[in-house]
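Here is the structure we will look at, set down as structure tokens.
Each chain gets a letter, A, B, C and D, in the order it is written, and its residues are counted from 1.
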């Protein structure tokens, strides 16, 4: 296939153009705005699908496209200073592009139903288009700098969308909070980019990988720690901010103030996934900086902590928000324990089912006009399609076999188990693994609790129940949900449901995910063998003959320490079995509590009372940040600075300067009057004298000017002629 | 010299021999004298012919209008009243030459002559037949457009010099109309120049070999539209109905020649009628194949001249008839409509045609529509 | 002989018209004499074998500029002015009457004289071709030159004309809300 | 053929006449007429030189450009005159003294 500007750029440009066009249309033809937006993202989807088909056609873990153009070239002699921008598509980007465009298309379509009648309906689509194009630009980027640009662009869109209902004060505060919290991570991210630029001299992925394999980071120290650790940590801080990891997870639950489709798109499927995507891209750096343990701990803590908070939430969107944080924690845990492939797979599967869950929640909220689960109940009779879709997703997120969550999450857990028990690393990874498994127990519980409270049992609020109408199949309401629900089945991601090849559906490609997504550390050498090409307007045919189609090899997708195939296999089997048991008991517990009323939910609550109080306050994180750090720390510091500015600097430096100035001014005043003014007057006098003479010529009569001109020419010719 | 009318006749051996023998008999080279004589004879003949045509134009106008209005028309002087124009001419010449008080004498006399000068100058290049063309200028088409604009000055001055409101208004309208409509005319002609690659009438005509499908009007869709643009704009340039605002009887009495009488009025009228002939003749030469016999039949022979002349006059008189027909069929336009048609319709269409012709030249290598269909 | 007829007629027309143009008191007559002068110059061009330039001259001036001038005169009253403000004290007299005509002629004569003195040297050093080229049609060559070696000027002149067109239309347009 | 100096003399005469008109006349349009004469005298010089001295067609092209410039100048100049007339109700050149002193 040909990879040129014309075939790749539409993915990014179609939504961007839709945004630009909508900026005009929003005033001229508001009715067209949603159609243009949907058209833009659907066009992007088709182009992305084309690329995906091409990558599936080659089916090689080595295959990648890197094309760039030079934005500016300030090279001076031997100092090379070039800014290259370009596209970098490998198997991971291709899958990611397909996921983002697909999910975004469905969310766009859903939004036309959900947002119908909103006063700022058109503006919503404006933001959605811009956001989608930024996300796609991020995925296509071949360097950290353009990733950072799109990253910030997404941050801005997120800010706008969270504060979309800015009439509500909470929405405004939430948008501010999200923006400011992620900014903390972004500062570190930028610092990391600078550190990498300093060391490698480039921010291109391929250059970075090449530099890492050549050992460019070796022996480089900064602030007493190795530069690789520093850079990796900074980049990972970007992930912490964007993907809402501990300790910067506080913004995501508040972000639920935004409209539900935007939550689905931004805070579940794409933007938060961008953080994980970044960490996956920079995985070699994280490994080189020996940050695996830190990453694993943060992932484990996030996965577990968020899951515990999700249990007691009554707001349907809050449950989903915490579950999102928890699942992102799993991905990060996966990165930490070296489960590269599974972490990315979980990113994709999670994007699909979490988008579906959010859209379904949106469908419910739109139907009953409340977000409180205690007021719902029994809705399955009315919202049939939503109910089906939501159950599929719940089973997927819970990790029930045959669903996608099982394939991805349980591989992460298996890898965590392997690292903790069999890799011979002692007790380093024990706690993350335990936290992960407890989280795996909690996940089905709170998800099923949400389902039972919402759809099952008797209607608790007659008014709410009656308000809800029977659901009909509508192309922009529940069809997107059902499409997404179909893709929650594990069969699309792995032909073998336990991860080790039982069912061969897609001929020899039934483990396509595992084969295609391999860690860059495994294949680092390839970036030096395949030449980079300039990005052209058209043409750009890629020679694919040099890539051999990968035969199916039993690859683990594991990139962590102490790889041992046999033991890993055992660990996976154990992990799968353990999580199957855990899920079974978890669902059973939920059913006992909320369907059969066998156990009163209040009892365990009383039993865990102190902990429940902590959970209720979200582990005091908000209090810590706002009341302690900001109010007691930063504000006091601020006041001290203000005092210094007013009391010291203003009084002595500024006022003192005024005294000096006054003396000078008196001196200069005298000079001005006696010397300068006199000479000015003299000049004026001279000018006046000359003026009266010259005035006769400057009469304003054009013909006299002409005569003067002629006289001048005559004089000149007489001068030159004789 | 070779480009003038004598050059054609000197191609034939017997004339050349006759001149050579005459020269040897007298002892003086007669070639130059032959050129001059032929030129003078041709000029006088064409002028006389065209003056007659102009005069007959008035007769034709009256007769045709009568026919259209179901009247009989002039029928007293000569058979079918055909000598009416002579009678009119004699009447005009014998009338008193009145000049209004306060008129600008110099310009009042000059204006009709400028008009008639502008019109008659065009005959220098109009090809009546292969031989009967006073000069075959390389820039004949350009020359024709340029010199014809003198008519506008004449009309304007006539209107100004009369010291009459009707005349002044008519003159200003006329001048504005003429310089406006010159643009679509020029651009339409330019598309033909583009196709043929020459500014010479003879070469343009020789490129259209006589059969209608070879005519430039059927060369491509753009020239087909271009012909009508040229014809309509030409109508306006001659101040003919429905564009006869400068002499609108109901508004301005008689426009720029209200105050003129006698022979000067006659000159104005003659100029107008002959200009119609010129516009028709130019349209015929550029778009309708000119004097060419089908398939260049008898091309370059002396015997073909009368036939060619007949064909040219036939086509021209047909267009002449159409012009008169239009006059008695359509109502007059309003002044703003007049300018709207010129600037908002004809000029853009003409420019479009020009660009279209250029594209046609590039895309189809200059082949005509018929060629593309047949080959 | 034809050449001499053409040349003398044209030269006479040019010079005579320009003198009359200077002499006449009537602006419209002045413009008509300009027309005669321009036609004379076109004749001179013809005598120099510049047929294309000559026809262009007639087309642009007769068909365009002169009519435009006449229009402008109509719109602005068409009267010539006699000076309103005369100050004897001024060194250089204002003009518009017979006296100023003499002055103008004097200035022009002095100018001509000085230029002649200056340029005589240059003219005398100019080497005139021994054999003046015969008349030959110039259209095709001019066209070729215009789109090859003089293309930039050609394009620039098109831009200039467009600018003049737009500029003239904007300048002459009456301001809205003014007058009525 | 007439010598080159004949053309140059005609051209010089035209130039001087144009100059005199520009100085003598008080009507802005008349001044424009003078300018036209001056431009034409220059163009005539170009053609004459191209015939007698250089022997190529560059002089013709210069003349063409002079005609183009003259057309543009006349259009803009007359537009300014008409505007001036709308403002001042006269086209006396001595009324255009707004920038005096």
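FYI, a contact is a pair of C-beta atoms (placed from the backbone, for glycine too) under 8 Å apart; a residue touches a chain by one contact, two chains touch by 3 or more.
Since the structure is predicted, the reported quantities are computational estimates derived from the model, not experimental observations.
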Reaching chain C from chain B through chains that touch each other, fewest steps: 1
Pair exhibiting more inter-chain C-beta contacts, A-D or A-C: A-C
By mean Cα position, the chain sitting nearest the middle: A
Euclidean distance of C-alpha centroids - chain A vs chain B, Å: 77
Centre-of-Cα separation between chain C and chain A, whole angstrom: 73
Centre-of-Cα separation between chain D and chain B, whole angstrom: 33
Residue numbers of chain C (touch at least two other chains): 52, 56, 64, 68, 71, 94-95, 107, 111, 115
Touching two or more other chains - residues of chain D: 19, 23, 94
Numbers and ranges of chain A residues touching at least 2 other chains: 699, 701, 703, 707, 710
Chains touching one another, given as label pairs in label order: A-C, A-D, B-C, C-D
Chain B-facing residues of chain C, complex: 26, 28-29, 32, 35, 51-52, 55-56, 58-59, 62-64, 66-68, 70-71, 74, 137, 139
In the complex, chain C residues that touch chain D: 3-4, 7, 11, 14-15, 18-19, 21-22, 27, 30-31, 34, 37-38, 41, 44-45, 47-50, 52-53, 56-57, 60-61, 64-65, 68-69, 71-73, 75-77, 79-85, 94-96, 100-101, 103-105, 107-109, 111-112, 115-116, 123, 126-129, 132-133, 138, 141-142, 145-146, 150, 153, 157, 160-161, 163-165, 167-169, 171-172, 174
Chain C-facing residues of chain B, complex: 104, 106-107, 110, 137-139, 142-143, 145-147, 149-150, 152-153, 156-157, 160, 168, 172, 175-176, 178-179, 182, 199
Partner chain C, residues of chain A touching it in the complex: 696, 699, 701, 703-704, 707, 710, 713-714, 717-718, 720-722
Complex contact set, residues of chain C against chain A: 90-92, 94-95, 107, 110-111, 114-115, 117-118, 121
